[in-house]
Each structure stands twice: as structure tokens, then as C-alpha cells.
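The same subunit A turns up in both complexes below, where it pairs with subunit B and then with subunit C.
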Partner chain A sequence: MLADPFELHEPASIAEAVALAKRYCGDVRFLAGGTDVLPGLFRGLHTVRHLIYLGRIPELHVFDPIRGVFGAQTSMASLERDPVVRQRFVAVSLAAHAAAGPALRTSATLGGNLLVDTRCTFYDQSRFWREANEGCLKADGTECRVVSQGSRCYAVYSGDMAPPLLALGATVDIEGLEGRDSKPLEDLYSPGGDGRLSHALPEGALLVAVRLRDPNLWSSYSKLRARGAPDFPEGSIAIGIHETDGRLDHFRIAVGGIDTRPLVMNEITRPWLGKPMSDEVVEATVESVGRRLHPVANTALLTDYRKHVVTRFLRTDLARYLALRSKELTSSTPAGRVG
Partner chain B sequence: MNGIVGSRVPLVDGPLKASGSALYTADLTLPGMLHGAIVRSPEAHARIVSMELWRAMEEPGVSAVITGDSYPRSFGVLPITRDETMLAVGKVRFRGEGVAAVAATSPEAAQRAARQIKVIYERLPEYEDPEASAATVTEKIHAHSPGMTNLQKEVRQEFGPVEEAFRTAAHVVTVRGKFPGVTHAALEPHAVLAHYTPDDRLTVWSSTQVPHYLHRALSEVLDIPEHRVRVIKPEVGGGFGGKGDPMPHEIVAAALSRETGRPVRIVLSREEVFYLNHGRHPTRHTLKLAADAEGHLMGFDLDALIDGGAASSFGTVTTYYNGVLATGPYRIPAFRYHGRRGYTNRPASGAMRAHGSVNTRYSMEVAIDMLAEELRMDPMALRMRNFLSPHTTTINEFRITSNSVVRCLEASRARSSWDTKYRKLPVGRGIGVACGFFISGSNSPIHFTPPFPQSTVHLKIDVDGGVTIHSGASDIGQGSKTIVSQIVAEVLGIPLARVRVAAVDTDSAPVDLGSYSSRVTFMMGNAARCAAEDMLRQWQKAAEEITGRPSAEFRAHDGRLEAPGNISISYLEAVHQAMRHHGALQSSGAYESPSLGGKFKGARAGTSPAYSFAAYVAEVEVDVDLGRIHVKKVWAAFDCGRPLNPMLVEGQIEGSIHMGLGQLLGEEMRYRGTRLMNPSLLEYRTLSPVEMPEVECLLVGEEDPEGPFGAKEAGEGPLPPVLPAVANAVYDAVGLRFTELPLTPDRVWRALRQKERGGGLQKPPAPKVDAR
Partner chain C sequence: MKLRVNALEYLVDPPAERLLVDLLREDLHLTGTKRGCDDGSCGACTVLVDGAPQHSCLTLARLVSGRDVTTIEGVSPGRLSRLQRSLVETGGLQCGFCTPGMIIAALALLQRGTPSRDDILEAISGNFCRCTGYAKIVQAIERAAQEEGGR
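Here is the complex of A and B:
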């Protein structure tokens, strides 16, 4: 498998990068670590003739865990290893550690991870394979191969970094055609509902940085994968919690690896704000979250199992929080696991 | 003894490989070289109605386009089942089969041109189930199958009073096993470089385990006399059986080179390697064991149905091996085997590490565990009661020589603290045992009529004092270069650094039947020892000429030839003296396998001059909530005879355990009908380093009387026992028997839930009878 020929551009500034993206609109991709873009190119999943390499833009390399600012080009390896990140944003560190494998993490970036393509057994294949299977909705075909008569695509959002950042309430800086904008990370993933795209970033817009404000949240990240490495999530869950005077003032849950976009469970968690975390909250939350999980059979593991494990993770992670809370250790205590 | 044999010498080619200086086939280039690409069929079973080639011919940089009609002669690793062609002729039999090939100035140009080739197919009925292949079909995959079936091979064997054994047995256990296909997943994808030159000679460099079989196939298909074909084997990045057959792309590269007069290189993509496959067969079988009230085995009955895919490959041997290799290491008085291998429209299966024996071994060892439970006996004790003794003959007339299986079992039992753990660990934790048995080389060569030696080694030494070893045996990463160097250096009493192994080149190396069936150490090792002894005699004679002392008095040691009375000359003095008569010295040694086996049909399948034995214990933890099996530790007691290099043996054991656990826990060639769903190393899940358990190797074998310096095999036998040892440990942990692989966490979780609904998880009953 070889990629079709393409031209590589190496801008030195954000302005230059956005201008290039505009010039080649419709025929261009940003190239960060390339660990997702390049396999896609080799497999003919995208056939652009221009790649804009982001590695030479200094602003994208900002790495300031004290202020909670992470440029899009931050490597997964540095998020995984940095002691300050590990201490202040536990779930971020755990998620970075759980993504892909060690070699990939040295080139893979945070920005690329947030915008990684959705995945499906029938899509992540070579051009030869897909043609022999007459394609599907997401690439060169007219029917979904997973859900018969499906009019939408169910490909799975499979990035590891989005759930913890969503649970921690991250915002993102975006450089678009109309200039710089800052918005909640979840805006990047709404409205969702169709796996043909993994995010809602307009074409040509550049993700500049991710910002995390509050370093005092308790957080966890648990991931289900077929093997210990380097597999994508088959279901993952991140939790961010903070209580002041025994009452929840931050309670967010995000699920990855199940639906076409990361699922933020605000409507489930919001009603509990102002109340103390308790067994009752855990029970009700686990049950409501479970009802929102509808995986389809387009990854390696069985769907009922994926659903079971995600709710199981949620229960054990919340229980761990409760246990720590009773010992009055409410912040920055490592939690979460990779299942 | 010079102490080189038996010591932990690092691989002689290790520094080259670790530093990236070793040259693999894909590293090789020649001036004017072209790149080949193969057009593959999107259909699994279809007639080729037409092919439009002209567009590809007109693409820039294209030098040749060929189809199966250029060289339609069929080939196959076994002369009795030649049913592969370099490219499809008339019809395609599996998705991914080559239908045309292009040679162009760059890989990109070749691929672009390949995409321009339009083929029109007429679909035929597809067969995905060997059961259907064994019944009447409407469309035959190969014309030569019997009647209107797609059967490739059927074996029936019966020894001893089977019916009576099962009628009178106190206990009968049955295992219905189901195993998907798995594949080798060697790190290096297949690659070939072929150069047909104007002097009507063909030279082919290929990543192959058996240069000799490739040599023959090239000659036959391309109709070039064997003496004008030369095969060179560069470094090989793993084979595991997947590079043992002559393969279509090797012939295609040669054909393209002949067509263009230029060198042509083809490097397969990982996906193409999956379509090439020739991996372990998907199998379903029913295995029954009968025993008396004391636990003596009385009968063994096996019915196996094997999915061969679209070609024979080694399949005839596989069909026999599924049965005959399952009897040892046990004494079985009655044995019946029925095996069928059907063609299907899937990539062909073939030989893979521990060829033909893994799936049956699994069910056999699980059956013994079940039997032990029925008898309320410790499974170690039950095994002890039924082992073959050394120097005996099996029911199917295999000659057994050295056999340390008892020591293996004792060692793994002691080291694992079995007696304090079996049925005594808390629910969720368990320990299990399984044994193994494998050939040290197939006794009957595939090709040789009239009989020639299985292996020949030549040595050469010139004025520089370095000994060059010429052998046709392939080092495919397993370390055979190191072993042959150790043997030669040991006999000649010179340092390892004075020995070098020439690259395998059929122009200069004597024939060796290659690296498969775990034959190299035993057979090439014996040949090397003879060659070195022949060389030593020349040195001793020269020493006599120099010193006047009788040659027989000289011993080779530390680079010198020494005789009693403080007489000592350097080996180089002797070499130079001997060279006065005829220049550089040469010597030769050969290994001929003995005549073995019974007189019945298929009697030679599974015969070997020696067998390895094994007894493994595995300890596991089952996460009942998540369905995950964590293998904590494996105690691997192995009888490879005398380990010539314990470090390499341990490497083989660890690698085998890694590979076996991959098959047990995750690997599966996943099909939807005839469509392979996971032809990539991300979705085809070999074991990751995270899952690899601690392994303690226990090398407890005794010297084998016929092996070189007492050695037997260690390349394949270490694999099979680990799968059932873990499965039996899982049973000990949670009381669940798994007879279908792989044990992925979701499937384990489902089974656990069912079990919980049916009354909860608990430890199986403990044995009543004492372990001994």
C-alpha cells in the first residue's frame, strides 16, 4: 500500500498555516504527528494532495502544565510523563499513558488525538479491501455495512484524550478564517450523531491549544481495550469531580469509544450539583449512564461486554472517589485504571 | 570438550541485526531494478471472464504486465499436491489471489499501473465451511477433489482394540474443540528479488525458510534447468512456517525478470502477507479418551475436520499430524483417527510452528484434566501413570529414544509449588498443567527419491585460518548459524570467531531440506559434526607429519593440537602443512535419517529420529468482572536433549509461549463468510508485551543418543503445552472449561455470566487420591 503523491508544506506560523489551508481548501489536511493521517493516506481513506505539517509552528508547542495550557503539538509522551500533569490532571496523564503504544506516543500529538478519525471494522481497511466489499457510507459506498438500511454512519469516536478533557471542563483555542476563538471542548463534538466526521471543526480551522482551568479537581480515566497495547478504546470513561463544603460544584462524566462522538453526560450529572456525592448519586448515575450507551458491532469486542465494562468502570471509579472522600482526600489523588 | 557447545553464546549474527546492518531481501537493490506489484482478486471464487491489460501497459514506467497464462504450470511444497499457480489461471479461488502482475520503474508506478487492470469475473458459489466441502457441492474448487466434493485429504487410521476400549472403559471424556485459523505474523513481510540474465541463468534472493524447495519450484514452473537456477537467502526476519513453501510472488518476480531482462523486486504489504497466509488451520474436532478405573488410558478416538483454504500447501501432512502427534507423550493402547481437510475459498492454510499439533494437543490435555477430575485424581498423578517410557515404541509405531518427560513433570511441579496450589487457591486464581511432545525433524524427506542425505555440510579453510561453513540450512532468526558455528568450533577446538557461516546460496551450499519441522539442529548439526571431524582428521594427519607422533594421539584444544608428552602445535601450523599437498582444505559431512515407521498407509507421517518432551505449569488470575485472564507465570520444563546453547533454547521457549498465548487469548483470522475481516497487525491481535507472563525455563533433558552432542529440538515443541496449561488453570480458577478459542475477555465474560446464572462460580472439586 502506497499513498498517492502529495505535497508537504511546512509553515512557520499559524497565520501561514491557515492561509495554506484556505488556498488548498478541499484538498488538504493538517499533519501533526501523522499517526492517524498517514495510515489513512496509505489506505486511501483520504486522498488529499496537500499536507500542512504543524511541527514547525512554535506557538503550537506551548506546554505549561502550571497554567494548564497545552499547545496542539504537545506530544502524548510528554502528557503521560510530566509530573505536574500527573499531579494536577490525573485523568489526562492516565489517558495519555493508555493511548496507542510507547513508540507512537512520542510522535502522536494532543491536537491530532482530539481530532482523530472515527473507526469501524468496515472502514479501517485498505482500498483493495473496501473496494472488494463495495465500500460503505463513510467511504466510497452507499450503504452502512454494520446497521443494515442505516442512513447514518456509526463509526466510533476512538480518541483517548477527549473524555478526560471533557470531564475536566477544558476549553480550546481555535484559529479559524474569522480569527482566534475560544470555546468549550464539547462544542468541537456537537451536534454529533453521524460517524462520517469525528468532530465539528470547520475545514481549514486550526486547533491551537487546550486549556484546563482548575487543577484541584479529582479525576479518573478508565479504558477498555482488547490488549494492554496498542489498541484503541472499545469504551472508556472519564470523571471529574469537585466538592466545596461537601457539595458538588463540579461533576462531569464523558464516555469515549462507544458512540460516534465522545458523550458528555451533563444532563445526568448536572442535577446533582449542590448536593453531596453519595451512594445514591453513584447508583443513579451508573444506571442513567448505562441507558445512554448503545454500541454497535463494528469493533473487536462484543457490544454487551463493552457496555458492561464502561458502567463497571464508572461504578468502581465513583466508589473509589467516595472511599477517598470519606478519608477527606478529595483532590489530585490518582485514580482510574486501564482495563 | 572445549566448552563451546553447551555454553550461552550470544547469536553470532546478533550485532549485525541489532545495529541494523544485516541485509534483508527488501534492502537489496541491483542496477536497473524494477518493482513488481500484484493485482489481487476482490472475488473469493469466480471465473475470470476477461482481463483488460493495455491501460496498465501504457502507464509511464511500466515494462511488463503478465498473467497466470504466462507460466500456468502448478506447484506446491509437496510433490503429490501441486495445486498453486503463480497467478490465477482461468479462475480465482480466494479473495486476495493474484491475477496479474506488473513490473515498473518504481513501486508507485507499479501500483498505479496495477490499478488500471480491469478484470471481469463471473461469480461462483463460495465455500467457507469444510463440512460443506466434504459433502456434495455444486462447484468444485479444484478439479482433482474426489467426486463432487471439495475434499483435499482424508485419513483413517486405527490401531488396537478401539471399540472394545470404549465399551469397557470405566471413564470416557469427550472434548469438542473449535479453533479459528491463526497466522505466523513474522515481523518481516515476504520479499523477493529476481534477476534473469542473458546467459539464461536465474538468480533469486528471497526471504525463505527452504531455498531448496524454492529452487525446484522455480525450475519447474519457469522450465529452466535446476543447474541454471540459483537461490540466495539473505537474512530472514522470522518465518514460523510462513516462508516454508515456495510462494507465488517468488515465481512472479522471476517471471517478470525473465520478461523484462531486468532485476525485479517484490515486497509484500502486510495485508498481502495475510492473503498469502499458509498459517495454522481452522479446525473442529471431537476428541474422546477412555480410561479404566485406576486412570490408565485405554483408548483415544479423534475425528478432525480441517479448513484447508484454497490450496494444499503442507495440508496432507497437517491432516496426518492432527492425529498422530497427539498420542505422545502418553502410552495409548488403542487409537483411532479420522481426519478430513476440505478446500474452502479462503487463503490457504499450511504449516505453522508446532505444525498440525497445537489444536489437538489443546483438547488432549484438557481431556486429561477432565479425566483426572472424574477420577478425583491429581492431573499430575494421572499423567505420571500414563507416560511413555524412554526407548519404546508407540501404538502407531513411532520409535521413542530419549524421553525425560517424567523429569519435566517433576521439575515444573516442584518449581511451581503445585502441591500447595492445585485446587487450593482462592476462586479466581488457578493453576494448570499440560504436557507436550514434538518431532526433531521429519524423518521422511519430502522430495528425495532416490534417498539422499537430509543434510550436508561443507567446510573450507584457507591460509587465513578461518573456517567457512557452507550449508543449505536457513537461519530464519532461530539461531542455526550460531549452533552450527558452535558445533564446528567445538570439534576443531578453535575460538568461535575463527568460524564463519557463508550465506545460503544454492550455487555453493550443499542441499539441506531447510528450516521446518524442527530439523535443523538435529540433522544439520549432525552433518556439521561429521564435517568437522573429517576436517580434524586432516589436521591430525598434518600434525603427525610435523611431529612424527601418531595422528590419533592429537586432541584439538584452544587453537592447538596437543598430544601426550607436552607436544603442541598451533592449528594453523597443521593447516598450512596439510595445504602443501592440495591448497585450501575442504571437508564434508552428511546426515541420513534412519529407516523408521510401520508398514501401514501414512506410517511415516510423524516419524522422527528423536522427540522433544515438555511439561508446563501455568498460574493464572481471572478477573471475573472483566473476563480477563492474566497469566501470572509459566514454569516451562522442556526436554530438548542436551541444550547446545541454553540461552537460545530459552529464547525459543519464551517466544513459543508468547506465540501460543497469542493464539489462546486473542489471535484469530476473523472471517465473515470468505471475507477476512482483520488483515492487519492492529486488528489481528498477537500478544502484546503487557500480557507476557514471567517464564521460568527448566531444561531438564538428558543427552539423546543420536542427536549432535545429545541435542534434540527446541523450535516448535515448546509451543503447544502452554495453551492447555493455561486453559486448565482457568478451570481451576473458576470452574469453566473452554474448548473454543480464542479466550478474548468478552467471550470469557459471557461464559462467566452464564455460569453465574447457572449457580455461581466456585472451585472445582479437589482430588481424593494423593498426588503421587
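Here is the complex of A and C:
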């Protein structure tokens, strides 16, 4: 037995789960599929005496791709395989497919992937390894091992699902102590840029569902990793585009695996709304996005390479959109791929 | 709690932190399921839960209460299955540590019909083998699928 003893709670409703979280505040974690929380417990990255299992709550299992509503307990395997998701939300399906191997995707959930703990070479290690290295800012230590004298933690957001959902303009339903709230997915992540916080949910608040409104967006998701199934993204990029009468009315780009939170490039894409997608837009966007990427050496691949490949993905995917549009003269045909 | 493993029903009372892999190996003495990485990257501990592949090292035993678990021991009791025979004949195993997980992952695929080579590569993408270089494992699964299809 590798984990310290804990008590497992299995609430049957969201209200019960939130009440349990309040009762054991400071000593509790929600458990969804377990593929991130359990290894964290084994490694001593989290030490809590209460786990609240969310799998018995029917509302969290809502799966309605026609209305674009996905409960937080939706498995990655469902998102990957469902034909409606594949057709209407291409990037979501591609990202789910790109996460780990089939057995992990059976257990892993949408909510768990969105709230996955930030990762770093110096953090995701055994207790023994970390102690030998005197810890780091995120666990057991006082100094960052990646950026000398760094005052913040640079651990990377390493989920696959946030970039495509951000690119498609998703919103999330949150249940907190004050009741139910709906907000843009961006608000789920800490604006402070410190990797010690994986998300900006207040303690005890529960992610209930993700909502996607527009099924007619063209979308893509591309992911860099050294190996296939076992690797988290070393850099990933998702794009969501729609044009009406030849002018952009939706253009969003989100990047994962580079910074402490998924980066949404709205300040780069917003000025192009109302204009047609063109080679000029592609060039300017690729250059601007490249300037926003500042990976640090806390994953397996070299920082310059990660930045280079992510911008290359962006250029290739935008070019594919342009080629498709000129061929079909339609703005609503979805397409995408995993890089 | 009741747990159904390889079509047999067990009454067990594991503590909350007991993992399915430990319950199988240490309590039920089903040691065919291997414990490898403890973080879901190697696939050696893969079992079927209600017919879907799942990592038993990332599954709390209490959470499979009332569900159907199939381990390597339950695949073809007393004789080699078509896939196991195919692995032996093609040389698709050497040290054998990954083999139970590999077989379970492949079985989940073969239940869905005749797979393409890409389907096979995808199905075992979460299973590490450090001996064979994978080629012979893929070949064995292809061969088993063909035999299954032609039966």
C-alpha cells in the first residue's frame, strides 16, 4: 500500500459533495477518474485524509453532444469515440484521442483533465527523488529548480482538453458554496501565472459541466510529444474559426503545455474579426503567437524546439483551413488532426 | 462488498486506499496482473472492468464494487486462447512481464471486430514492452484476429 490511509466518500448528489468538501475543508480532494489524483497521493504530492469520489453523481455524467453539454465525469473515451462529437466538435474529439492510451481514457474524465495538476520535471517525482533534490517551490522546498532564484512556480498546464474547448469558446458550470454559476472556461485558470495553482476554483467548488454552443466552427488540435500514449503535451495548440459572408466572426487560438495555464490568444486574434481569413492574417498571427510563447526547461524537450513546433503547427493548421475554404467555399466544414 | 472477478463472486472488505491491483494480487492471489509504473504509463496492470480496459494500479478497489473484472487468469482458463497461442508462435513475448496487460488490451480490441494494423497499434499504445520491439506482438494480434475472423 503506497498511499497514506484516507477516508473515501461516495456522495450521490452535487449538494452532498459540496457539503462534504466544506466539512473537511483543507483536508480533502475530489476524485474523478483517479488518473491524476491517485499518482499524486502515492508520490506524497497531496496529503489529504478525505477523498470525495464523484462517479456516483448522475448529473456529472450528462453527455449531450447535440446540445453541447458534457458533464465533468464524461470519460475521455466517450469524447473520443462519439460520432456526434467527432463531427460537431472535431478538436475536442482529437484532443481526447491524443490523451494517453485507451485504458487510461476509459477512466480519465473531462473535468479531471481540465483541472489536472500542473507538471514539472522537478515535481512529478517520487518523494525519495524530491527529498534528494531538496524539493522545489511547488512541493517540499523553497526554491525553484528550473528558474534560478525564480519567485514563482513554472509548472506547466498539461491537460489536453482546455485548448480545444477554449478555442471553441466553452463555458463551464460551477457549483460552489454560494450556488451554481456559469462562466467562461478561461476563468477556471489562475490569472496570476503561478504553477503552484493548477486552477482558480475556490476550495470546495465543483466543476459540474462544460458547455459548447456553436457546432459550426472549424476547429483543429495539434499536440507535440516525444512518445505517443504516455506523454503529456510538450506544447499543443487549438484553433476555432468561423466566417460569415467571407468575414471572420469567430477566431480563437489556445495553447497548452507551454505556460502555467492554457494561453488564450484573444488579443492577437480579436483585431482580425470582421476581416476575411487570408495569408496576411496567417503570417501576422503566427508571428504574434510565437512572441507570446516562453517555455522554460521543465519538460523533456528543448524549449526552443517546443516553441518552434507549436508555431509550425499553427501555421500548418491555418494553412489547411485556408486551403479547405478556397476549395469548398464554405465556412462550416469541420476538420482537424493530431500533430 | 461484492466483487466479481473472472466470473467468480468474492466478498471482500478492502480499506479505502487499497488498489485493485493489490487486491487482485495479494488478497485474491491472482498474480498474473502485474504492477509496473504506478502512474498509468506502462499498462502492465491492465484488466477489463465491465469489458473496458482499465489500469488496476489507478483504480481503488472499493470503486469496482458490483462490477465485472476480468484478469489474465480469466481469459481462457486451463488452455491457451487463440491470442495467447499466437503470441507464443510468433515470439511475441520474452520476459513476459508486459504480456498479461498486452493480452487484455488486445482482447478489448478484438471484441469489437477485425482490427486494422492502426487499430492494433492504437489499442496497445498504452502498454510498454521492453523486450520484443512490438513488431511480433502486433503480428501476433493480427494473426489472432485473422484466425478469429476466418473461424
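Following the convention adopted for this analysis, the second predicted complex is superposed on the first by the 328 of 339 C-alpha atoms of A that agree within 3 Å, B and C clash if a C-alpha of one lies under 4 Å from a C-alpha of the other, contacts with A are read in each partner's own complex, and residues count from 1 in each chain.
Note that in this section a contact is a pair of C-beta atoms (placed from the backbone, for glycine too) under 8 Å apart; a residue touches a chain by one contact, two chains touch by 3 or more.
This structure is a prediction, so every number in the text was calculated from the model and none was measured.
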Requested in this report: Would you mind checking whether subunit B and subunit C clash or fit side by side on subunit A after the superposition?
Outcome: clash
Query raised in the report: Thinking of the overlay built on chain A, is A:Asp140 touched by subunit B (first), by subunit C (second), by both, or by neither?
Result: neither
Query raised in the report: Between subunit B (first) and subunit C (second), which does A:Asp64 come into contact with in this model arrangement: first, second, both, or neither?
Result: neither
Query raised in the report: If you stack the two complexes on chain A, which partner ends up touching A:Pro5: first (subunit B), second (subunit C), both, or neither?
Result: both
Requested in this report: Pick one for A:Tyr305: touches subunit B only (first), subunit C only (second), both, or neither.
Outcome: first
Query raised in the report: So, does A:Ala229 touch the first partner subunit B, the second partner subunit C, both, or neither?
Result: both
Report task. Could you tell me if A:Glu280 is touching subunit B, subunit C, both of them or neither one (first, second, both, neither)? Result -> neither
Query raised in the report: In the superposed arrangement, which partner chain does A:Glu131 touch: subunit B (first), subunit C (second), both, or neither?
Result: first
Query raised in the report: Taking the superposition as given, does A:Leu104 touch the first partner, subunit B, the second, subunit C, both, or neither?
Result: second
Report task. Quick one: classify A:Tyr53 as touching subunit B (first), subunit C (second), both or neither. Result -> second
Query - Touching both subunit B and subunit C, residues of subunit A - result: 1-2, 5, 101, 228-230
Report summary line: Listed in rising order, subunit B residues that touch subunit A in their complex are 40, 42-43, 95, 107-108, 111, 269, 271, 625-628, 666, 675, 677-680, 682-683, 685, 687-691, 744-747, 749-750
**Report entry** subunit C partner contacts - residues on subunit A that touch it in the complex
**Finding:** 1-8, 31, 33-35, 38-39, 42, 51, 53, 55, 77, 100-104, 106-107, 228-230
Report summary line: Seen from subunit C, its contact residues with subunit A in the complex are 15-19, 22, 38-43, 46, 49, 52-55, 58-60, 62-63, 105, 108, 122-123, 125-128
Report task. Enumerate the contact residues on subunit A facing subunit B in the complex. Result -> 1-2, 5, 101, 121, 124-126, 128-129, 131-133, 224, 226-231, 300-302, 304-306, 308-309, 312, 339
